[in-house]
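The structure follows.
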Amino acid sequence: MSAIAESTSTQPVVELKGVHKSFGALKVLEGLDLAIGFGEVVALLGRSGSGKSTALRCINGLERIEQGSIEVCGHRVDQMYADMKPLRRDVGIVFQSYNLFPHLTVEENITISPRIVKKSSKKEATDIASSALAKVGLLEKRDNYPEQLSGGQQQRVAIARALAMQPKVMLFDEVTSALDPELTGEVLRAMEQLAKDGMTMIAVTHEIGFARRVADRVIFMHKGRICEMGPASIIDNPQTSEMRQFLDHDLK
Amino acid sequence: MPTFGLNQFVFLLQGAVWTIILSILALGIGAVAAFIVALCRISANPVIKYVSSVYVLVIQGTPLMVLMLICYFGFNLYGIDVPALVGATIAMTLYVSAFLGEVWRGCLESIPRTQWEASDCLGHSRVQRMRYVVLPQAIKISIPPTVTFMVQIVKNTSLASIIGFVELTQAGKLVNNSTFQPFICFVIVAAIYFAICYPLSIWGKILERKYNVGHR
Amino acid sequence: MVYQFDFSFIWDQWPRLLQGLWLTLAMSALSTGLGFLLGTGLAIVNSYGRGPVRTAARVYIEVVRNTPLLVQVFLLYFGLSSIGVRIPVFATAVIALSFNIAAYSAEIIRAGIESIAAGQIEAAECLGMSRAQVIFHIVLQPALERVYPALTSQYVLLMLASSITSQISAEELTGAGNLVQSETFRSFEVYGIVAVCYISLSIVVRFALSGFGWLAFPRRRRLGTNL
C-alpha cells in the first residue's frame, strides 16, 4: 500500500479548540487545544482518568463534546453528530478490545467495509485486504476466523481492517493494554511500520518506550488538560512534576 | 338469533373456569410424572435412561391434539365411556410429563458435577444427595421456566375443545355457533386467555431476572 | 372384550394420509419461511425502533404469545369469512401459522440481537457502515447463528402445531386422519399411525433444519464451535 497522499498545505489534519466534555457531573476534558499536522505521529500519555481516551473518542465522534470545536480532515466533527459517515471514511480507529467480527474470516473482516461502504468490487477489496494483511504480516491467516488467532494477531488484523478503508488519520486506543506482554511487540512493530510509511497517527498508549522511539510528538494529559507537550525527548526530561511522577511510576 | 351479550359472556367465563381447572389438574399430576421422567432421564441405569428417552421422543413428537384424540378414543375401545375431562387430563398429563420433564432434567443437569461429587464425599446416600444437595438447588433454578411453562399449559387446554370438553375455546365456538358474531366472540375469548396468561408470563420474567442475578 | 387391532384400512387409505402428510410439510415450510421473515422484522423493530411502531410490535408479540393458536386460527378463519373475504383454507392456515410463529421467532431473535456486544457495533460504525448495514451484516448474521438451534426447535413445534388447522378443515395429516377415522371407525389405529408419522416428520425436519444450518453458517461448519 503506497504512502498516504501528499499534503499541499500546512493545515492541521486534526484540530481541537477549547474542547470541554463531561460525563454527567464529572468533567473529563477541560478546554483542550490541540493541532496535529499531516504525517505526524502523536503519543497521548496519561493516567487513567486523565481524559486521553475520551479525547481520542471525541476526535472520532464517538463522544459528543459540549463546548469547543473539533476539525478532522476538513470535517467539523462537532457539527456532524447526526451523520458521521463522511468522517469515518477518513479516520480509522483500532480499539483495545479489537472488536473483530467473529462470524467472518480475517479476509472478510477486512473486505466487508470496502465492499459495502465504498462499493468496491470483490477483486479490488481482496487486493486491498491482501496488501493490508501483508503490511501487518498476517497474509497467511486470511482464511482463519478471529477465534483461531492470538490476541496480538487479532489486533494486527484490526489494524489491517482499519487501514483497508485508506484513512487519512489512524487512531489507536490503548491497543496493547489488553494483550499479554509477549504479544505487544508484534502490534507495536506494525504501528511503527505505519508511522514510517507516513501515516498521521494518534496513539493513546502506556508503552513509553514505543512513544520515545516512534512518536514525533508526545502529549501528556492530566485531569482533562494538556499538562506537557513536546518532542519525544521530553520523556527523558519531563518539565512538570505531574509528568515526572507519572513516568517514575510507570518505569518502576 | 341471539346477539352477544352478558349471558354469552358469563358462559365464556364458565368455560374459563374449566380451563383453569384443567390447567391445574394437568400441572399437578403432570408435575409428578415430569419429576419421575426427569429422574429417569439422568439415571445411571442405561435401560431406564433409554426407555425414558424414547418416551420423551414419542410424546414430544406427537401433536398434543393427536394425543388427545388417542387418549379419548383409547378408552372407548374397551367400551369404557370416559368424560372428555378425563381424556383431556390424561393427554395433558402425558404432554406435561415429557416437556416439563425435559425442562427439569436440564435444571438437574445444570447443577455442577462438583456438587454431586462433594455430596458423595460426605458419605451421602443417593437419596440423601438428591434431597439435601441437588434438589434444593435444582428446584430454585427450575421455578422460572416452570412458571413460563404454565402459560403453555393454559394455552394448550384449548385443544380439549377438539374432544368436546367445554373449556373456554369450546365455549367460544358454541357461542359463535349461536350468535354468528365471530369477531366479538373470539376476541373476548382471546382477551380472557390473555388475562390469565400475561400475568403468568410477566411473573416468569421477573423470576428469571431474580434468579439469574442470584446465579452470577 | 379385547380390542382387535385392524390395520387393513392402510391398503386403500394410504394415499390420503400421504397427501395429508405432504400438505402438512408444505404448510409448515411456507409458514416457517414467512414467519421467520416477519419475526426478524419484528425483532429489529423491537430492538431499534422507536415510539408507536415499537409499541405496536411489542403488543403484537405479547398478544400472540399469550393466546392459544387455536383461538388465533378461529379468529382469522371465522373473522375473515364474516367480513366476506373468501380465501382457501390452506392460505388461512398458512397466514395464521405465520403470524403465530413470527411472534415466537421475534423473541428468540431479539435475544440473539441483544447478545451482540456493543463494541462490535461501534467498530462497524467506525468503518463507515450505515445503521442498516450494521444491523444486517454485523448484528443479524451472528445473532441468527447464535439462536439458530432455538429457532429450529420452534419450527419443529410449528410443524406439529399445524395439526390444529384440521379444525378449520385443512386437509393436512390430522385432517386426513379424521376423515379416514370417520369412515373406518378404526380411531386408535388411525391416530396411532398419524402419531408415528408426526414423530418421524419431527425427526426428519429437525435433521433437515440442522443441515440447512450447516450450509448457512460457514463458521460453524468449519470450526464446530458455538459463536
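Just so it is clear, A, B and C label the chains in written order, and each chain counts residues from 1 on its own.
Throughout what follows, contacts are C-beta pairs under 8 Å (C-beta built on N, C-alpha and C of every residue); 3 or more make two chains touch, one makes a residue touch a chain.
Everything numeric here is computed off the predicted structure, so don't read it as measured data.
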Contact graph of the chains (line, ring, star, complete, other): line
Most distant chain from chain C, judged by the mean position of its C-alpha atoms: A
Euclidean distance of C-alpha centroids - chain A vs chain C, Å: 47
Rounded Å distance between chain B and chain C, as computed from the means of their C-alpha atoms: 21
Separation of mean Cα positions, chain B and chain A [Å, integer]: 57
In chain A, residues with contacts to at least two other chains: none
Sites on chain B touched by chain C in the complex: 57-58, 60-67, 69-70, 73-74, 76-79, 151, 155-156, 158-159, 161-162, 169, 172-173, 176, 180-183, 186-187, 189-190, 193-194, 197-198, 201
Chain B-facing residues of chain C, complex: 1, 3, 62-63, 65-72, 74-75, 78-79, 82, 160-161, 163-164, 166-167, 174, 177, 187-188, 191-192, 194-195, 198-203
Interfacial residue positions of chain A with respect to chain C in the complex: 60, 62, 84-85, 88-89, 91-93, 95, 97, 99-105, 112-113, 116-118, 145, 147-148, 158, 161-162, 165
Chain A partner contacts - residues on chain C that touch it in the complex: 117, 119-120, 122-130, 133, 137-138, 141-142, 145, 217, 219, 222-223, 225, 227
